[in-house]
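In the two assemblies presented below, chain A is common to both, partnered first by chain B and then by chain C.
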Partner chain A sequence: MSEASRYVRDTLEVLLSEVLGRYTLPTGQLAPAIWHGVKPPSDDRTVTGLEVIVTQTPDLEVTPMFFRQAAVDRSYQVRLVNHGDAQISEETIAKIVHAFIDCSVSSLPASSFAPEQYVFTLNAQPILVR
Partner chain B sequence: MADYSLEWRGLEIADQIQDAWVDSMLILSREFTQQISDPKWRWPNNPSPRDIVDTGQLRSSQQDDIQRDQATFSWPVEYAPYVHEGYVGIDGKTYPARPWTREAIKAKPPSEIMQRILDL
Partner chain C sequence: MPLNAQTNYGFSSADMVDGDYNQLWVAGPLTNGAKIPATATITLNDPSVAALDTSIIVTALTVKLFKFFEFTLGTRKVILTADANVGATTLNCEPLSGTITNGSTVNVIPLTPVLSINTENYQGTTNVTRGLRNFGSPTEEGADPTSNQDQLTYSGYLITADPGLAILRAARQSLQRVYFEAIRSDGYRKAGAAAIQSINENQQVGAKVQSGFTLAVDGAITYTNPV
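== the complex of A and B ==
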């Protein structure tokens, strides 16, 4: 399962390389602001610009089928968080939709308690379990 | 030859389908409220899991507009979409998604509910 989320992470890193923000690591080094993990990123991270959070654990939905078979639908969540001043561009959204086609997206505007963010649900090929 | 006759009461059938639709939407409406009150959602602080009621504003804000051919449910409080989709706060903390609409539709699928009502 984590191979699929790793693919998502690597694809997004290439796709968004021009707009991706930066993490400042405790050592002072800079790294692309793309998080890939089972747990959410730590609260005390230092980030500037556009942050991408890829959830490693998929949401699963099992549909029973005939002859003791089942289809397992998997979806992965990707969140774009805008820690910068400029809005997340439509072009950035379009790039992700174009790369992953079978997906849905929700937008959360900037508010008094949260920066602007978009939440993508990317659907992977179902697995047939026999 | 046998004498056959067929009486097609289409309007009556359409009425029954529309009644079943309205009833299924009323059931779904109650399920939305139930899901918001359900102590099952992951939460960044203890105790977790817990419900998402907090001040009760989200739950009590629910507005239903159920017509015979469409239904709209809304929660007109600023933070509703953030609770539903989860968010990263200005403080950098990640607040998990608590998608009560998807859970309600999973728990009470309108097409199955309609089918059960029509079978009665």
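== the complex of A and C ==
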């Protein structure tokens, strides 16, 4: 399962390279602000600009079929979190939609509790379990 | 009286069947006029078959046998757990219930599974005519059955390498029948010859490709109750 989410992460890193923010790691090193894991982003780092969080755990939907088979749909959640001042551009959204056309997206406008965010659900190729 | 499902209705899981073990097997296309395909012989070539064995040795297969294919060899039911190609001499199977005499043979219809389905709709329709069979006798008035026009409609999600669907497509292209065995989870079996009345495929961006077909049964269906 993690292979597909790794592909999502790597694709987004290239796709959004020009707008991706930066993590400042505990060592002081800078790294692209893209997180991929089963846990939420580590709090040992600070972030500036656009942060991308790719969940490694897919949402699964199982459809049983004849002969003890099952079709398994997988989708991965990607969250864009805007820690900067400039709005997340439509071009950034369009790039992601174009790369992962089978997807849905919802927006969370900035509030006093949380920054502006977009949540993508990217549907991966279904797999067949036999 | 208070509603108490257990005492009032006696619910029992044995009264109902779900479709978790449903299967549809086909063979063909059949030569014109035929309703049952040619059989193949499976011969045990294994002197030491014992209870709980999960494989048996046979003389080289002349047909491909698929996972879940089931046959009786000697007195034992054998259910394959893996495909076995033409020429194979080892059949992997579910644990056997006991010994089988070496040299035992069985003739089987080599069936191919249709994998791209998850629903079956069986409609047993009888052609009827209405009228008086004996003029002047009102008790004889009614519908006369003339023939069966049963149909089985299947749908599901397309699996590209579906060997059974390939047979159905070929039969439709050549306007030939297929032989089918539809097995319900509890072992209830419907078998017979059928024409491919329709075959369809629905595609939508962002969704699994859907597949479906309707078998128009030719003649009577053979029903077999679970053993």
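Basically, the second predicted complex is superposed on the first by the 128 of 130 C-alpha atoms of A that agree within 3 Å, B and C clash if a C-alpha of one lies under 4 Å from a C-alpha of the other, contacts with A are read in each partner's own complex, and residues count from 1 in each chain.
Here, contacts are C-beta pairs under 8 Å (C-beta built on N, C-alpha and C of every residue); 3 or more make two chains touch, one makes a residue touch a chain.
What you see is a predicted model, and the numbers here were worked out from it, not measured in a lab.
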Quick one: chain B and chain C on chain A, clash or fit?
fit
Taking CA centres, what is the chain B/chain A/chain C angle in steps of 10 degrees?
60
Which of the two partners, first being chain B and second being chain C, lies in contact with A:113: first, second, both, or neither?
first
Between chain B and chain C, more residues of chain A are touched by B
Check the residue A:81 against both partner chains and state whether it touches chain B (first), chain C (second), both, or neither.
first
Contacts of A:65 with chain B and chain C, given as first, second, both or neither
second
Touch check for A:98: first (chain B), second (chain C), both, or neither?
neither
Rounded to a whole Å, what is the shortest Cα gap between chain B and chain C in the overlaid structures?
6
Interface residues of chain A shared by chain B and chain C, listed none
Quick check on the complex: what are the chain B residues that touch chain A?
78-79, 81-82, 85-94, 96-97
Chain C-facing residues of chain A, complex:
63-69, 71, 73, 101-102, 123, 126, 128, 130
Which positions of chain A touch chain B when the two form their complex?
40-41, 43-45, 47, 51, 53, 77, 79, 81, 106, 108, 111-115, 117, 119
Show which residues of chain C lie in contact with chain A when the two form their complex.
19-24, 67-68, 113-118, 156-157, 159, 205-206, 208
